[in-house]
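Here is the structure we will look at, set down as structure tokens.
By written order: A, B, C, D, E and F. Residues from 1 in each chain.
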Amino acid sequence: MNQIPGIQRPPRQIVDALAAIGSATASSELYKLGIRDPFIEGAAPFTRGRRIAGPALTLQFMPKREDLYGEDEYSDREKQLHRHVLYDAQPGDIVVVDARGDMSSGIFGEMMLTYFAGKGGIGMVIDGCIRDATKAFETDLGFWMRGTTPNFHTQTRLMPYAVNTPIACGGTFVVPGDIIIADDDGAVSVPIDLAEEVIRHGSEHAEWEDFSRIQLAKGGDLRRYYPLAPEAEGEFEQWKRENPDLAAKAK
Amino acid sequence: MNQIPGIQRPPRQIVDALAAIGSATASSELYKLGIRDPFIEGAAPFTRGRRIAGPALTLQFMPKREDLYGEDEYSDREKQLHRHVLYDAQPGDIVVVDARGDMSSGIFGEMMLTYFAGKGGIGMVIDGCIRDATKAFETDLGFWMRGTTPNFHTQTRLMPYAVNTPIACGGTFVVPGDIIIADDDGAVSVPIDLAEEVIRHGSEHAEWEDFSRIQLAKGGDLRRYYPLAPEAEGEFEQWKRENPDLAAKAK
Amino acid sequence: MNQIPGIQRPPRQIVDALAAIGSATASSELYKLGIRDPFIEGAAPFTRGRRIAGPALTLQFMPKREDLYGEDEYSDREKQLHRHVLYDAQPGDIVVVDARGDMSSGIFGEMMLTYFAGKGGIGMVIDGCIRDATKAFETDLGFWMRGTTPNFHTQTRLMPYAVNTPIACGGTFVVPGDIIIADDDGAVSVPIDLAEEVIRHGSEHAEWEDFSRIQLAKGGDLRRYYPLAPEAEGEFEQWKRENPDLAAKAK
Amino acid sequence: MNQIPGIQRPPRQIVDALAAIGSATASSELYKLGIRDPFIEGAAPFTRGRRIAGPALTLQFMPKREDLYGEDEYSDREKQLHRHVLYDAQPGDIVVVDARGDMSSGIFGEMMLTYFAGKGGIGMVIDGCIRDATKAFETDLGFWMRGTTPNFHTQTRLMPYAVNTPIACGGTFVVPGDIIIADDDGAVSVPIDLAEEVIRHGSEHAEWEDFSRIQLAKGGDLRRYYPLAPEAEGEFEQWKRENPDLAAKAK
Amino acid sequence: MNQIPGIQRPPRQIVDALAAIGSATASSELYKLGIRDPFIEGAAPFTRGRRIAGPALTLQFMPKREDLYGEDEYSDREKQLHRHVLYDAQPGDIVVVDARGDMSSGIFGEMMLTYFAGKGGIGMVIDGCIRDATKAFETDLGFWMRGTTPNFHTQTRLMPYAVNTPIACGGTFVVPGDIIIADDDGAVSVPIDLAEEVIRHGSEHAEWEDFSRIQLAKGGDLRRYYPLAPEAEGEFEQWKRENPDLAAKAK
Amino acid sequence: MNQIPGIQRPPRQIVDALAAIGSATASSELYKLGIRDPFIEGAAPFTRGRRIAGPALTLQFMPKREDLYGEDEYSDREKQLHRHVLYDAQPGDIVVVDARGDMSSGIFGEMMLTYFAGKGGIGMVIDGCIRDATKAFETDLGFWMRGTTPNFHTQTRLMPYAVNTPIACGGTFVVPGDIIIADDDGAVSVPIDLAEEVIRHGSEHAEWEDFSRIQLAKGGDLRRYYPLAPEAEGEFEQWKRENPDLAAKAK
């Protein structure tokens, strides 16, 4: 078990910048960079209102084969691979699990989740379920997943198979160390090599966006304000002068 | 693009009467009128506790074909049909989208939704997803849909194809101008020609219903109180005399 | 209709003990007793934060055949079997419905649900939907189900077929009188003959669990605290002496 | 086990008449009699080119619960209910199985199927699979089902639960003794009480149908020949005179 | 009904060239031209061994709404739109139907299919089912579809809605007049404007392919023969000289 | 690419013995050895009537990520991993592919399949599709798969990711070198370490089975002949004496 590979964690400012961008902007920017669909489909936001970003630790499940995953795993808990993805977790990490879409396997329970939260972990993205949901929702973790179940992780059809290797999750390929952005839209995986480019383009803040949103909310013309039409530039400039606080915040 | 057809909007009292009836009563009444299943299945209530009714503007997506929907659509935003369904929106309108059940296409984002809310639009019924969910939920719009995604509307498999033509949504046929009723039970489509009849039957308020509900909540016999049995009529009459306020409200 | 069988209700302390255990522990204990998967998959918790346990009344739907379920059922309501599962409900009962996973049949509406709540019923577990959701959520009932719909129970594809006979619900076999435990993890069915054994094993409270959770939440080592390692026993004993209140509560 | 109910078998001429009509005509006639959808969806024709009709013996599976279906069933084979549906089979019978759509349970294997064929059974309609397919296809039985599997009937998720009770199969309600018609279009269940009426209407042979098919095959106008238009009656009469053999066969 | 639009049919050599290319090569070539997925998924080859190509006539179904599709359609058959897609069929035409994936609606029956075959129609591509399968398979038509059913086209959930308008079929967008290629791999839709380019590239026959296939079948090295490596060119030239007939055929 | 691991092939007699046993018997024997479900669900027999057994070469696909699988793979074909699983194929090998159930990716085309057949490969088990089906079916290979498609392997959502590593296929875990048995019931994976035990138990030929099948086919009593009852032993002995040839063949 000592061969569990670690991950390379990105600098804090990269992660923070991606969190500021959000999953929707990241998805469009990745599309422009050639990544058609970075969305982890099926992992729905269960803890609404959160937005997190962080490097991915990965855990892969496979169909259970009883000659390979049997009684020993219960007698020697250190053989249970899902523990190992948590051992080296660091503050800001996100665990991403290929649970094969299974609805009757509870990948983690409250003790494991409490431990992960205690180490500073910030979220779980699972193409499947957790158990002990009530206590899980009392931790500070964010959860993007398919549902909950009272069953434990190897009770029905799955066995844990690998830690920190590339996985598929919700139809998307996730490499350990890639950066996950998760919010109310769902979770996306940003390939680490593309992160800076996503930030560069995604952060070019549309300075006029807050201005436009205010106008649209008042019934302004979509054609005039989104995107900002040349003939509305003057109006925008005046708004900035009159609302220096709002304009500053928008930067 | 100037050939986008408009819709005929019903008188306000029709819409208000249908909102008062609610989707469940409307569905039963439509069934009695021969419409077997007016329920837009799969568009779940994401903004719980709302009940809205209003005429349907419709937007239809088709499988994307790249020779028909390509780069031009990005350079000339006026070619993006999903904008057009919003241009002529009026207060009280509801947009209904045939998104083909797709879970990785975000039909509308926050700017469009803000614009629609700014024009007085009241809700979205989508056989699919929106993006920018956090900001979307801050508007006054109600949402009945399948989920959320960070992807934009044409990122994966769809392209917008028609505005204000009859569509299928959640297994139900919706004609522009039909009246949508949406609440915590889901959304139904009321054919405009049947609206008055639905109102006539659905509004015949079961005067005894509030009385019965109170008795049932106290452990009263279902056979006696639902529907109100002849032998309970006297009790009901007495209740009305003793509770003039409740009885009046029930009318 | 007078041939509707009743159920044998278990002693209160059995039910209370199972409620205290919760669905996740019950599922593991049942697994050890040879029941691979007691989880009623697909019936999601709609009333989050509840935990209930109680004996199962059962209601079975079948594909509708119009020669067997027709107009008579509307003229003579006593022929509607879904009423009969409620008639003999007692405080603490839970209704479990085989609705065949149907998403366009509202098994119960508000009047029936109010009646059931009035008789002391505590919850509904449905492999399908209810209607009149807004009012339903105002009752004290807990709901584990697939969704909501405005349609009534026999509007589209189903007809009620049997009351208090063994059913399948969410891929699990449920015998009338088996004990349902339902909470945020979902619902499980505990065969009545195994209930005491589940309680005996499930209630052997891991005295150290609260202690461990506290340590894990502070970043303690999973290997030391879960399960409690021998070398942490001394620390645990000291914690008990210093925190008599917490330790007592954990018993 | 001696409480297995038998079925009432219809007179041979009823069965023969229904076989002559075929599943497509039976389905339309049943529709006119108020049965919306008698089609056993999902049970595909695996033995193409056959058309059979006969009374339904039924077998129902339920989700397996290990405390109810365990080792005893293997030691005492008479406890295996799927054997019992075959014991009283008579020539011309068809076995219909509610296998819950399961793709990994082989309801019957070759020895059972050989026995059933030996007793004169003519077909199996299964919302699921058989095993030992190669040998099964060597018998004279017709098979309408979802597929094949090497697994035995209780290997994964199912247990046999009832024999000759009403069941659901492929979304249709089947009562023991109802008459199944199965051919390349699939299988339908004809309620025994409606059988004669179906025959009466379905057998009114459209005398002109063979004439029309010949004309259509030669490029004749659909509007003239299907249904036979008044202006083509003379042509039809002449054809009958010139082709007395064909016209006689069509009767 | 006289407003049914016709289609523009391509020159015979275009169609023949596409038939020669086959669906697999057409799909790759279309991919290179920017069409990601022209495959009509789900319409499986029921008449194995055929390869056809021809212009698409289209027929679109929508969810049935009983106020729009009712008794009149039975009394006045000319209101049944599925007849109209056949009226102007010409030799070589292929009918493509958006049947919404429905498994209980038989879009066409034997008389209509016989008529279509009589007019020279060559195939049906249906995201759904036909009925009267036995007789249908006796015609010369090729069938790519999801299955068969005894039900008629409007028996359960669908109504015909439009003829010769753009449709979705099996997740692909099909414009009337686009050219369908269907064989054992399935059916693809070739946009008419891209047809010549597909032919130009797809027909550049890999002259060495037959040579390579022969070598590979004998155990030749994949790296040497597919694609043909420079070091195998001499061998190929020699083969051509020694096998003039085979080489000529490959051209 | 030179790091592709090879597999250890079992002795010929092991493979032959498993082929003689067939998938159904192997599945039951594996169940008795603790393997609940070795069936590769979803990979249906497309080449009916074959029974093969052989060691598994494995190929794993993952969701495509365009930064990892792009243009280079087309320019340098040696980067295409699906070629590599074939390079070291030996006579009797079977390729098993985790194609993630995808219906629009054609894992192999005719040239690759011809090459594999040329090297003596005997079958393909794919949780997905092939392309060039007509020519593929002309080879001697057996195919167990979900379907066919004209698309190539990386055209839509997949990229090849690993060769000869453990994979999931049709809900079953397959280790390279495990022995696949595939016939009309489908395909099972026999863990190499259990192969001999499966053979030992599975080959204990039920000497009476052929005798019983003959009796059952003639209408014999299931209780008497399956399994062979003690009171039929004498009859069996006599049959053996009278039919020495049949009895010998059954051994």
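Here is the rule we use: a contact is a pair of C-beta atoms (placed from the backbone, for glycine too) under 8 Å apart; a residue touches a chain by one contact, two chains touch by 3 or more.
The shown structure was predicted, so the numbers you read here are calculated from the model rather than taken from an experiment.
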{"item": "Fewest hops from subunit B to subunit E - one hop per pair of touching chains", "value": "1"}
{"item": "Shortest walk length in steps over touching chains, subunit B through to subunit F", "value": "2"}
{"item": "Given subunit D and subunit F, the chains that contact each of them", "value": "E"}
{"item": "Copies subunit F and subunit A - interface residue numbers shared by over half, same or different", "value": "same"}
{"item": "Farthest chain (mean CA position) relative to subunit E", "value": "C"}
{"item": "Between B-C and C-D, the pair with more C-beta contacts", "value": "B-C"}
{"item": "Far-end chain from subunit B, centres as C-alpha averages", "value": "F"}
{"item": "Cα-superposition angle relating the copies subunit F and subunit E, to nearest 5°", "value": "120"}
{"item": "Centre-of-Cα separation between subunit F and subunit C, whole angstrom", "value": "42"}
{"item": "Computed distance of Cα centres, subunit B from subunit A, in Å", "value": "32"}
{"item": "Gap in Å, rounded to a whole number, between the CA centres of subunit D and subunit A", "value": "51"}
{"item": "Interface hub residues of subunit E, defined as touching at least two other chains", "value": "36"}
{"item": "Every chain pair meeting the contact rule", "value": "A-B, A-C, A-F, B-C, B-E, C-D, D-E, D-F, E-F"}
{"item": "Sites on subunit D touched by subunit C in the complex", "value": "33-36, 62-68, 70, 100, 157, 159, 161, 166, 168, 171-173, 191, 193-194"}
{"item": "For the subunit A and subunit C complex, residues of the former touching the latter", "value": "77-78, 83, 86-87, 103-104, 106, 109-112, 114-115, 117-120, 131-134, 137, 139, 147-152, 155-156"}
{"item": "For the subunit F and subunit D complex, residues of the former touching the latter", "value": "22-24, 26-28, 31, 36-37, 39, 41-42, 44-45, 49, 51, 181, 183-186, 188, 209, 212-213, 216-220, 222-223, 225-227"}
